[in-house]
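After this come two complexes, each holding chain A, first together with chain B and then together with chain C.
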Partner chain A sequence: MNKKKIFKLAKGFRGRAKNCIRIARERVEKALQYSYRDRRNKKRDMRSLWIERINAGTRIHGVNYGNFMHGLMEENIQLNRKVLSEISMHEPYSFKALVDISRNAFPGNKKVELPPKKEGLAILV
Partner chain B sequence: MANRRCLSNFTRHCQSLLSSNASVHNLRTLPHLRTIAAFEPLSVVPTSQSHDIRDLESIFVIQPGFLRHFSSGRRNSEGSDDEDDEDHDGGEVEEDEDEEEEMGESSDGDGQDRNARVSNCAVSRSYSLEEKEAEAAAIGYKVIGPLDPLERPFKHREEAFAVVQIGSHQFKVSNGDNIYTERLKFCEVNDKLILNRVLMLGSRTQTIIGRPTLPEAIVHAVVEEHALDAKVIIFKKKRRKNYRRTKGHRQELTRLRITDIEGIQKPEKVKVAKPEKVKVGKLEKEILEKPEKEAVAA
Partner chain C sequence: MNPAAGNFSGNLKKALAGLRRINLEGLRWRVFDAKGQILGRLASQIATVIQGKDKPTYTPYREDGDMCIVLNAKDICVTGRKLTDKFYRWHTGYIGHLKERSLKDQLAKDPTEVIRKAVLRMLPRNKLRDDRDRKLRIFVGGEHPFGDRPIEPYVMPPRKVREMRPRARRALIRAQKKAEQQNQHGATDPRKRIKKEEAKNEQSV
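Entry: the complex of A and B
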């Protein structure tokens, strides 16, 4: 019965690893080890992805990620990065409001506020 | 010496009674022991001894586990002759008294611990008090409303979102969404919930940001399902060391369907001519207006 389970887990493997039990067993064990490790890595990767997206969203408005988060912390806004990245993607106006709050709270980027175009939101519209 | 012998006989009688019926209920029969002490040939029962008896009684009114432990040490002496017992016990009674007192104190503490452990288990099991349920619900930032008889609470999709926190997870939800959270303890299927820890609200014309939460915002949800997640296989292996472990795990989840978001202005689908301004009175909220999206024709 164990062979059946191994072959079921070995679906989609390359070459003999999906057909021959000796090779499949090794590869399946390795795959399970990788999945154990990657369940922990996924949390790290997702967080860095969210930070990249927030960074991109704030730089449209002339604020970089570090100053943005610092401003939010000053204002005691406890939104986490997952939600902030979702807002930056799907709710641009709300995200601009957040950026403005952060900019007022932590005046690190007031000089760099206006990008050369006439209004930052013109890109979105 | 006579006192010590009386005490030794008395304690032996106690053990014989209590070891035979090792239950707390029978400890209430301890007053009978005074009559037994009266029947003994050697005992005159002076007032000092009655005082000691009461002390011993107070010590004996503890859990029978303690007494069993005590009597097992004594049973060896019961098998031998009386005289030897008396002489043997003569020197031991004092020590035993001390031991009794010490063990009495320690077993009082153990008894209390055992009682505390039992009561903690009972509390974690049933949460009999409604206050406890309310407290636990507040930790998870939800309040259980009444069940759903024949109502249709589901509306069409509205253009408003809320950021809600449940436990330590935050979700950006809108009307009619499904979210999977950790298993919520005190609600059944088809229960209405109120999620009261709302961090942000947004709609077409307004954005309300809380610091950190919004006190007047409420999100209604209905429990759809208490489910188990897909199985993950936890596999650990150390190569060349003959170590391999396999374990399966299914996380318990609850699926909620969001029905309503309260606390924000939701404009009708008919276009409003002017965007509305709202003044901010409190320091906690910040309300900003947004320009109408005229270019986006719905």
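Entry: the complex of A and C
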């Protein structure tokens, strides 16, 4: 019945919340509320994580995130942040090409101070 | 590992403490030179590197920052009157026992603590903070026992120095003029100079 469903959802909870129906019911209700809220939060968090990664990737090449995105908008490149972050993680050379496109379109950063790179770009972990 | 660090004076044990606990050895070893750097600005750069936020593979739940070595901790600079007026305060738990120590005394006592506190207070307060603390090695002098690792020096980004406020600038110009005057008149005391002039006047009269 209802109790069975509640206990099924309450697996892994701490203390009496997984065993006693009164406490389990409260905790399960709260857990469902959190999961509702976090399904919406997850979209926000993932986007901010993509932006952090893109920022890190572009700063290696001397451009910051804002100018990079502005340059891409100018060139009408409609890659979204998810894809850009994947490119910056796994395809460093393609990402460098994108950064160069953006820098040509919008030369916002004056001092492009590249640290002396020895062999290639992918010295990243 | 150890015998290559021949001429390192200081606490070798403390420098190598907990190295085994740090998991990944695909990390880089970045060297920061604190000589002449401003405390907070350097600490914020170190905090970014230690968190791994300059890598595009940054993951918030995984600790992936580079090892940071800071040299010349005693040559760190601060602006304003912070050398005498910045206090580190802590409460011992007993009532009324709020202790404080100024930056000058702390530098005399243990200069590495200054940078360590600055960096640690800039890291997010989560479970990874202790691991990040373990990755940070600070040395007072200019040498470190990690000579045999692949070391990469860190180039600080160029700093935009704020223009001085008018009053401070005038004070600086006055101080410079005074210093020039002192140098011009040699190493004589102003009082001795006046006495010499008086003696000259008396003789002439």
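By our rule, the second predicted complex is superposed on the first by the 114 of 125 C-alpha atoms of A that agree within 3 Å, B and C clash if a C-alpha of one lies under 4 Å from a C-alpha of the other, contacts with A are read in each partner's own complex, and residues count from 1 in each chain.
Keep this in mind: a contact is a pair of C-beta atoms (placed from the backbone, for glycine too) under 8 Å apart; a residue touches a chain by one contact, two chains touch by 3 or more.
In this text, all values refer to a predicted model and were calculated from it rather than measured experimentally.
Participant: Examine A:Ala97 and indicate which partner it touches, taking first as chain B and second as chain C; both and neither are also allowed.
Facilitator: So A:Ala97 only meets chain B here.
Participant: Regarding the shared-chain residue A:Tyr36, is it in contact with chain B (first), chain C (second), both, or neither?
Facilitator: first
Participant: So in the superposed three-chain picture, is A:Lys82 touching just chain B, just chain C, both, or none of them (first/second/both/neither)?
Facilitator: first
Participant: In the superposed arrangement, which partner chain does A:Ile60 touch: chain B (first), chain C (second), both, or neither?
Facilitator: The answer is second: A:Ile60 touches chain C but not chain B.
Participant: By the touch definition at the top of the document, which applies to A:Lys4: first (chain B), second (chain C), both, or neither?
Facilitator: neither
Participant: Applying the touch criterion given at the start, work out whether A:Arg14 contacts chain B, chain C, both or neither, answering first, second, both or neither.
Facilitator: So A:Arg14 meets neither chain B nor chain C here.
Participant: Contact-wise, after the overlay, does A:Arg22 reach chain B, chain C, both or neither (first, second, both, neither)?
Facilitator: In the superposition, A:Arg22 touches no partner, neither chain B nor chain C.
Participant: Could you let me know whether more residues of chain A are touched by chain B or by chain C?
Facilitator: Touching more of chain A: B.
Participant: Using the superposition on chain A as set up above, list the residues of chain A that contact both chain B and chain C.
Facilitator: Comparing the two interfaces on chain A, one with chain B and one with chain C, the shared residues are 125.
Participant: State the interface residues of chain A toward chain C in the complex, per the touch definition above.
Facilitator: Checking each residue of chain A against chain C gives 49, 52-54, 56-57, 59-60, 85, 88-89, 95, 111, 113, 115, 123-125.
Participant: Quick check on the complex: what are the chain C residues that touch chain A?
Facilitator: Residue list for chain C touching chain A: 24, 26-28, 53-58, 60, 64, 155, 157-158.
Participant: Flag every residue of chain B that touches chain A in the complex, lowest number first.
Facilitator: Residues of chain B touching chain A: 161, 163, 165, 170-172, 199-200, 202, 207, 209-213, 232-237, 244, 246, 286, 288, 290, 293, 295-296.
Participant: Can you list the chain A residues touching chain B in their complex?
Facilitator: It comes out as residues 29, 32-33, 35-36, 39, 75-80, 82-83, 86-87, 91, 93-94, 97-98, 100-101, 125.
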